[in-house]
Amino acid sequence: MTPAQISQYAFYFFAALAVVGAIGTVTVRNVVHSAIFLITSLLATAGIFLTLGAQFVFAVQIVLYVGGIMVLFIFVIMLVNLDVALHQMQFKRRWWVAGLLALALGGQFGAVIYYSRAGGVLEIPAARTGALSPQNVQQFGLALFEKYALPFEIASVLLLVALIGAVVMTKKRV
Amino acid sequence: MVNDPSEKKPPAPAETPSEKPAGASAEKPAAAPPKPAAPAAPKPPAVPPPPKEGPVPLDNDLVKRFKARFGDNIREAWTDRKQAILVVDRESLAEISEYSRDDEGFDYLVDLTAVDWPKREKRFDVVLNLYSFKKNERLRLKVFLGEGENCPSVTGVWSTANWLERECFDMFGIVFEGHPKLTRILLPDEWQGHPLRKDYDILTQDTAWVRENLGIESGQ
Amino acid sequence: MSALLEFLKTYMWPLIFAVVIVAVLPLLAGYVVLMERKIMADMQARLGPMRVGPHGLLQPIADALKLLIKEDIIPENADKVVFWFAPVISVTAAMLAYSALAIGPFFQIAELNIGLLFIVAVSSMGIFGIILGGWASNSHYSLLGALRSTAQMISYETAAGLALVGGVLLAGSLSTREIVQAQHGGTWYVFVAPIGFFLYLVASIAETNRAPFDLPEAESELVAGYMTEYSGFRWAVYFLAEYANMIVVASIATTLFLGGWLRPFQGTPWMDFLDFFPPLCFLAVAGYCFYRTPKQPEPIQSMVMALFGGLCLLLAAAMALPFVPAFAASKPGLHGAFWFLLKVSLYIYSFMWIRFTFPRFRFDQLMKLGWYFMIPLSIVNVLGLGVYRVLRQLQWSRWPAFVLTTGGTLLVAIWLVWNAQKKAAAPSSVGDMTEAEG
Amino acid sequence: MVPIGNYLFLSLALFIIGVIGVLTRRNVIVILMSIELILNAVNINLVAFSRHWANVDGQIFTLFIITDAAAEAAVGLGIIIAFFKNRETVLADEMDLLKW
Amino acid sequence: MSDTRTTGFPGVEQTVLGADEIIINMGPQHPSTHGVLRVKLRLDGERIVDSECVIGYLHRGVEKIAEHRSYQQFAPYVDRMDYVAAVSNGLGYCEAVEKLLGTEAPMRAKVVRTILTELQRISSHLLWLGTHAIDIGALTPLFYCLREREEILKIFEKYCGARLTTHAFRIGGLQYDTYDGFEAETKRFCLDFSHRVDEYEALLTENRIWIARTKGIGVLSAADAIDMGATGPVLRGSGVKWDIRKAMPYAAYDRYEFEIPIGQNGDTYDRYIVRMQEMRQSNRICLQAIEDIPAGPIMGKVGKVLKPPVGEVYHSIEAPKGELGYYIVSDGTTQPYRVRIRPPSFINLEALDKMIKGHLVADVVAIIGTLDIVLGEVDR
């Protein structure tokens, strides 16, 4: 079993986990369970990042997405946790319309991806090799603070705005 | 500092090594010089045993002031073991309480309780023990209540009375009119009977409740 | 089959280390508990566990057994699956963090490029164990405990993370191994960034939910916080997670600030006699064990005591092994592990010392401390260390650079404290609190 | 080496599930979580192509997307809390007034 | 708030809860309610909107029992009320009955009573300090406190054979004279004790967390304290300089010098300081009293069968918790017609609802601790 094989198996494992988690997220009745499924899905995605050699994104995914955003979600779910909500209808009345629409969209995208395979109509050019080492934190940092310095700053402003917005909205007495 | 208690004591009596509080010794002669009965006087070091125990009629300044204000509503006044006791009318209890707090300075309701005398015409004594920080003096108000008669609540005068009246209701079944929430306090809400009445004892207690809620026989 | 063999061959050492950690960590955590109880007893003028084994040495094992065979109670309206799963999340997160920690230059499961970040990421997942457990119990106390715990851990994770950034800034790497190696021959970062170390100490106490920050499980307020409804083995698993987490944060602090597996005064030749310390230390413990052996009340206790003494002798022999020329190569591995664990224990000891000295904060005070003091100071600390690095690159010598940056950070800290005190001196605390709520 | 198409299909699957969640669920919190799923699908795409082209830019975009998701979650959940305080519900189709 | 749910305290009234409000039930089995107190808290987040004490879990009907016992037979029962300060309870009861009888205990008995009562006050305050500190999260002081309390209990044990429910005094005086070495042991303890108090204060008084947790918490103004009938350290913490030992001296208190420590703000910290100072003052009284215990009889002239004349008496003492009063009505028989006990804990506890409003759950614990209640006395 070579590392390449391992990463292949890992991909299928994580992919299956991610899809199962995602399906659970949208179908389960209890919101907390829904969040748990989402966490599973997000962790599986982090694993996929690992198979892609993106270690830093893997860590960020866990720290921010799982450790931050999802904790926030669960926090809010517990704050607004209503037992009543459990017994209400969970899906909109015409859910099948939405489902069909989404599946149609999926089919369309699927077709595109199918035709983009090697030898397909919309073939994606072959992978470029080299250049990106798996341990790319340094590359990553350099790119982030040189090439993308401005977007980085904008993102920080966005976060600040979101922070203030969240505080203002949840404040008791304005 | 809040207004009244700070001014109530003479400046720092406790700092001086006095044996008696300055307040007590200063106030007592002023309050009732000719009477033997300033309530709860500090014991002199070598006191001869009082000649007679039991009630002694009382008619000092305090009682006079009360009588002047409330007239016949003050039924009786006596001292027992040098402790002043005032029997007041049921109807005027609230006013008398308010008067004794505001004008006579009995700002502290020490205790409120009742005594059951089943053979008497008016069955219950409701007893209020008052204390004045200013005068260092105690006073006991009594109200006679017949069976089924209600007592006016003094919760508006002293907040302490809230629980004390509830306890009294719990133990004697005396209803206090105007009490914000007169429920049982020590016994379970569904309990039958009022334990401190003289006709209540372990044989007549609420065994049904015990059986139902605790699943045991009460053992009597 | 051969593929599997190949796999095992490639990953033999990491697998062995992983098994060792999973097997030893619970035991270690149990003995940390014993150590805590003994230290607590010592500070409180009593003896602590004395019955199970000589000086209570077998107490952790007895406790573990007791907890294992206790009745397993799940509250009636609990969410059973989550209730079952939550403690497992906690302990998994705690154990996973060890995969990137280097206990000695040899003993490490995986050398990760993003080592420290990985540890922080993985241990942040422990929150889910707490919050889901609290929610699944279907009890107000548990839920309040869980919410408190979450808010607290998120707040203090920020401060702890920033304190770590300071250390990483100095080392120039996220890999645990490289961080320690960067301290080799130089000074440990605790002497370069004392404020960063202090910040991490406080934040790590808060993150592991220990007094004076043990709000989530404040027994006098919330009974046992998120663990209220837990009992038996599940409770033991939570407990294990808590102590494993303590060992993790202590290991991080050791790696980043206390020179990891490095011996004190590594670069000073005349201090080399310290190399003899590990075997002598074990020898002394063994000697004490044997000295106490005949004084045990029961023969069986004497036997156990002698056994412990023998174990210590064995360890002493192992520590003395590197002095045999043939095995000289094993020195960094063996002695490294010794020094690492010693530093970890000292760090945990300071945790305990603090726990038994201070009362508990109130929740809003804790949050205030976190957001008004810890986080601003840790940001300033990162700035200061950045300046320090630049100054060093500009060929400043160590002392002026250190005094300048640390002094500056210290001034900010003093200002923050002074400011908070001025605010606290404002009258009417009840009013103050309602104001803070708005 | 897993071919990039597989990553794209995985990403597609997550994306479509997310879309279904957004379109069919009534609970606003679940809708927000479905949006996270969609963003996640995009992330997979970006990182996969980052490796495919041996270029770090895709990963950086991922970082920005995660940042954005954090901001969105903060504001979105803030709105939910504010809404819940006023109406005691978290169902999307009961949010039918502009002001109350 | 268009749609509010109704939940409530069962059987009492329906409480309408706001969106963020929950009701939490503290006790009767809760680590920090000091027994079987139950407090129903209505919380907005963690802030207390409303509260209600539910008591009575330990009700034994002490007052009813009294009506069926002779005066002497009832004396051991009072020890079981405030079981951490049994000696004080006994002193109050014995003095009340003596007053009812019109006799007095001899001086030697009075002095010994004073010493033991003051030791009991120290031990009660020590237990308070330890548990209060634990409530606030400081684990260690408890063990130091118990160490010193142990010394006091040893003195009690040597004196009367019991440690907790001592029944140390008899109506009319004392059953036992002091044992050999009583003076020396008490003196040694007292001399040692002032350093011990320094030790506790070193742990807590200047501790910033302690100050943050207690300053401004559970403020009870002097006017409120009087209105609520609070007594003892709770009243003095609010700045009212009133102590029955000074105001209406009983036992032998008029022989000794001591001060009444008071607080200024009426918060938890002030009550803490007041109790710490009270321990020092009690120690001071003990040291003075132990120097000269007058010689003489230990039992006054009371008969074997007590038949107090018809009448009633109210007598109160300054128990460690506050004013402990006995209102005894006699109908001339050997059994009291009615014994009413004015329990300080019960009435101090009444102030709880007022004190915790607007505070956090964590403060409730601190405030229950600072009231120093004993449920045996609250429920009787």
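For clarity, chains are labelled A, B, C, D and E in written order, and residue numbers in each chain start from 1.
FYI, contacts are C-beta pairs under 8 Å (C-beta built on N, C-alpha and C of every residue); 3 or more make two chains touch, one makes a residue touch a chain.
This structure is a prediction, so every number in the text was calculated from the model and none was measured.
The chains in contact with chain A and with chain C alike: there are none.
Hopping across touching chains, the smallest step count from chain A to chain B is 3.
Across C-E and A-D, it is A-D that has more C-beta pairs touching. Our note on geometry: chain B versus chain C, Cα centroid distance of 61 Å, whole angstroms. Chain E has its Cα centroid 21 Å from the Cα centroid of chain B.
Under the contact definition stated at the top, the residues of chain E that touch 2 or more other chains are 20.
Annotation for chain D: residues 84, 88 touch two or more other chains. Chain contacts: chain B has no residue touching two or more partner chains.
Interface of chain B with chain E (complex): residues 1-6, 9, 13-15, 17, 19-21, 23-24, 40, 42-43, 45, 47, 49-50, 53-55, 80-81, 83, 85, 107-111, 113, 115-116, 127, 129, 133, 136, 138, 140, 158-160, 162-164, 167, 171, 183-189, 195-196, 198, 200.
Touching chain C in their complex are the following residues of chain A: 1-3, 5-6, 30, 32-33, 36, 39, 55-56, 58-59, 62-63, 66-68, 70-71, 74-75, 78-79, 81, 135, 137, 171-173.
Listing the residues of chain A that touch chain D in their complex gives 4, 7-8, 11, 15, 18-19, 22-23, 25-26, 31, 34-35, 38, 41-42, 45, 48-49, 51-54, 56-57, 60-61, 64-65, 68-69, 72-73, 76-77, 79-80, 82, 85, 88-92, 95, 98-99, 101-103, 105-106, 109-110, 113-114, 116-118, 124, 127-132, 136, 139-140, 143-144, 147-148, 151, 155, 158-159, 161-163, 165-170. Put simply, chain E touches chain C in their complex at residues 22, 24-25, 30-32, 46-47, 133-140, 142-144, 147, 203-204, 207, 209-210, 212-213, 215-217, 219, 267, 358-365. Partner chain A is touched in their complex by these residues of chain D: 1-10, 12-21, 23-27, 29-30, 32-34, 36-37, 40, 43-44, 47-48, 50-57, 59-60, 62-64, 66-75, 77-82, 84, 88-93.
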